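Pasting the structures here.
Note that chain A is present in both complexes that follow, paired respectively with chain B and with chain C.
Up next, the complex of A and B:
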């Protein structure tokens, strides 16, 4: 991989150059302690120390709500003329954010290809940025604290410079557009990177053992823990909306007032909603909240492993940060692991 | 990330293909058989499927829902769907005028494992609407009769007026190359000539060799339970018992998440599961 450095004093100028690759989106402050990915005009608006944004990057590619087709009675469904032509540059994606996108890439690719997601994704450049974990981060446990694919450029803070890994040819284009701002890696940069890497590793406060979790989940399928979590969960769906790897959606037709034309849309859905597994005729495969909570954990930590070879949780801590009932995924898993039944 | 992937040539898998309802055949109360043909010649010619697969049917302006294909790929040109009127989409479907345009995409799901079934006896056990997917398999087997050993159908309905495909199935009773056992729970008409009693009572009327037979069961959960008992009592291996699962499906192509059971997407890995795989899925049976 091509690796170079960018002195911090050149950072603002580099961001200025990025405009020509698309509209720049980066974390900015929204409210006292919350951050969101939003368009920025220049580097000074970017919150470089943001740990996590409220919504993850999926919002750019898998829209909370989107038109799939237009329809007209008698004519059927038509793909909207363009999904989007707009190029964007996402700056400040953390390793877990990028892992989240890599997971969505797996889901939306495959035998059937979700053209909406991929069209948008193919028009975006991703520039990663290292971060310092807070109490809620457990990406070291989910092995998503480091990322080596899924970005065009990745910046790591090594003091007065950024170490820049160039992941793609597009990333290389972005570097070459501002070539004079970058430098070759020196010995002291390598040392600084390695030192920082250890520092970062040691700053994780939350650690859980996940590798053998699928087996434990099978074993504890009937655990009381699910009942307990089910009692506290409000089925509000927030945890899914903010999760970088929750991808469920529902589809509906929306008719215009003329009664003959309209749109087929899809919107984010959540397996914790009561009617999620409802089928026609009224049978609900997961009528109980405890079974829906269990299903969500099961899917992320167990089912996804069978389907795609890895768990889908990237340890970002958003679900815990936003849950109105304070349900903590790490806590739930810890209880599940340590529970001894009589 | 533009250089990492190249998707441009992929077609939109969610796009319903224009089709028309060319005929509707009323079956029983609130059930109709819809005969559907694609508008485009190339779709008519290229659309093929396996018994047990399903399509997503769009009623334009109302929505989309999954339906098993009831016709057999051995009779190409039209697709038949046997639909129960039960809610939003199906209500609108039943109200469509003759020759109405609809959207179809698919076929989806795995369908019955024909390569495994061939060379074996087939035991089809259906209850109620469960006949819809099994009728496809039945027709397929009868049109490829030499590929199968004995073909046995056991089908139960509440009463004679509740039996789907009644006249075509009654005709099969006379046919020598299939054993067609029909039963009703009760017969108030006094006109019913076939069996009376729950579907499991039909097992007394057929010889079944568990080692050379695949059983395909479709029907209400309660029927499923009793038929299963009967089959296990007769020493059927669990992987020779096939069943079709019904789940909420919003996409049919493994994206929307709704049909997920444990570690399987019903729409991709199913809807046909063998009993062994099914018991290993959480929330199942």
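Up next, the complex of A and C:
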């Protein structure tokens, strides 16, 4: 892997160069203390210290709501051209965000290929940026605090410079387009990088043990914990919307008044919704909230491990940060574990 | 002789705001008129047919006066499908806000001596009196939902309306959470979506104007609002404003973790 450095005084100019690779999207402030990925014109708008945005990066590739195709009787159907046209450069993706996208890649580019997701993803450049965890981050526990693939460039703050890892040939093109801004790695850069890595590792305040969790979840299938969480959960859908790896969607048709045309759409779905497991005839496989909550945890921490060899949780802390009723995934898992120990 | 579905659009007691939304579908009105046979729409046209059988009747407003009840029952007899339009028709709306008090007392306080000139009954949604085939809530209703409903009904189908909370749309649009960030008394978690979180988009909390989402977890919502320092009467007043008649919103009879 090619590794170079970018002095911080060159950062703004580098961001200026990125425009030629697509519209730049980076974290900006929204509200009193929230952040969102949104288009930026120049480096000064970027909130480099943002810990987490409200929505993760999936919003760019797997839209909250999208038209899959327009249809008209007699004429057939047509996929909106917007799906494949636009190039974007996402700047400021944290390791957990990139892991989230890597997990979505596994799902959407697996047995059933999702062309909508892939068309948008293939037009996007991802530039990662290191972060300092807050007390909701538990990505060290999910092993997503560091990332090796899934980015074109990855910047790590090493003081007055960024250490830049080049992940793809597109990333290399970005560097070459602004070659004079970059420098070779020196000994002091290596030392600074290692020192910063240790500092970062030591700044994690939250940790949970996940290795043997699938087995414990099976053992604790009837645990009171699920009933308790079911009583607190509002079924409001927030945790799924903000989750980097929740990928369920619901497909429906909207008809026009002419009686012959319309559009097929899809929107983000959530397994906590009452209708999620409702089937024809009115039977609901998960009619109780506690069973829906349990299903969500099982899918993330148990089912996904069986299918893909790792949990789909990336430890970003969004579900805890955004839950109106304060449900804390770390707390839920800790309770399940302690029940097992007793 | 027309094969187009015969439609009636009526209002009971209320502000008629939902009928106004229908009239405000300016770009689509010609399509609606082209696809349907509007036999009666007293708010918009005179000379309607008040006796013919109807394929679909749209009704807004609350049953507040004895004549509302009579009219509603008569429309039910005439119509194949009866659609409740707006939060008043679906949940009782603002007229049902103070159902805890006697009608006589309310009438006296609001109208003084002139209150004796008319009769009222306890304000209730349409479903308290007749079978309702489809409910489109909102104060007022969303134009897009109405048009989707009409299009689906013309195809002999029922529309797919959101059956999830305002929070879902609020997060889809990436608005900061007003409960968490501002500590506002927001009813987003228990109110049915469809408005695309319009109030939170302006930094204002959801006041529940669309009525409760199915299986709303009111006890958890009340608990979290109390933790933020709101008094039971703050919460009760907000819950009662638009859907006071809804069983699920009665604080006195809150059961812990309903359907947990």
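Convention: the second predicted complex is superposed on the first by the 332 of 342 C-alpha atoms of A that agree within 3 Å, B and C clash if a C-alpha of one lies under 4 Å from a C-alpha of the other, contacts with A are read in each partner's own complex, and residues count from 1 in each chain.
As a convention for this text, contacts are C-beta pairs under 8 Å (C-beta built on N, C-alpha and C of every residue); 3 or more make two chains touch, one makes a residue touch a chain.
Every value quoted in this text rests on a predicted model; they were computed, and no experiment measured them.
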For this session: Considering only the touch criterion stated at the top, classify A:274 as touching first (chain B), second (chain C), both, or neither.
Result: second
Problem set entry | Which of chain B and chain C A:243 touches, first, second, both or neither | neither
For this session: Tell me which of chain B and chain C touches more residues of chain A.
Result: B
For this session: Quick one: classify A:234 as touching chain B (first), chain C (second), both or neither.
Result: second
Exercise. Touching A:31 in the superposition: chain B (first), chain C (second), both, neither?
Worked result: second
Problem set entry | Touching partner for A:252 - first (chain B), second (chain C), both, neither | both
Seminar exercise, completed: Intersected contact list for chain A, partners chain B and chain C 252, 255, 259, 262
Seminar exercise, completed: The answer for chain A against chain C in the complex is residues 30-34, 36, 53-55, 59, 64-65, 227, 230-238, 241-242, 252, 254-259, 262, 267-268, 270, 273-275, 287-290, 321-322, 324-326
Exercise. Where on chain B is chain A touching in the complex?
Worked result: 1-5, 7, 10-16, 18, 58, 60-65, 86-87, 90, 101, 103, 246-248, 250-251, 253-258, 260-265, 268, 282-283
For this session: Would you pull the chain C residues touching chain A in the complex into a rising list?
Result: 28, 31-32, 34-35, 147-148, 150-152, 154-155, 160, 163-165, 167-168, 171-177, 179-182, 188-190, 203, 213-217, 219-221, 223-224, 256-257, 259-260
For this session: Would you pull the chain A residues touching chain B in the complex into a rising list?
Result: 68-69, 71-77, 79, 105, 107-115, 118-119, 121-126, 149-150, 152, 168-170, 221, 247-253, 255, 259-260, 262, 264, 266, 269, 271, 276-281, 285-286, 291, 295, 298-299, 302-303, 305-307
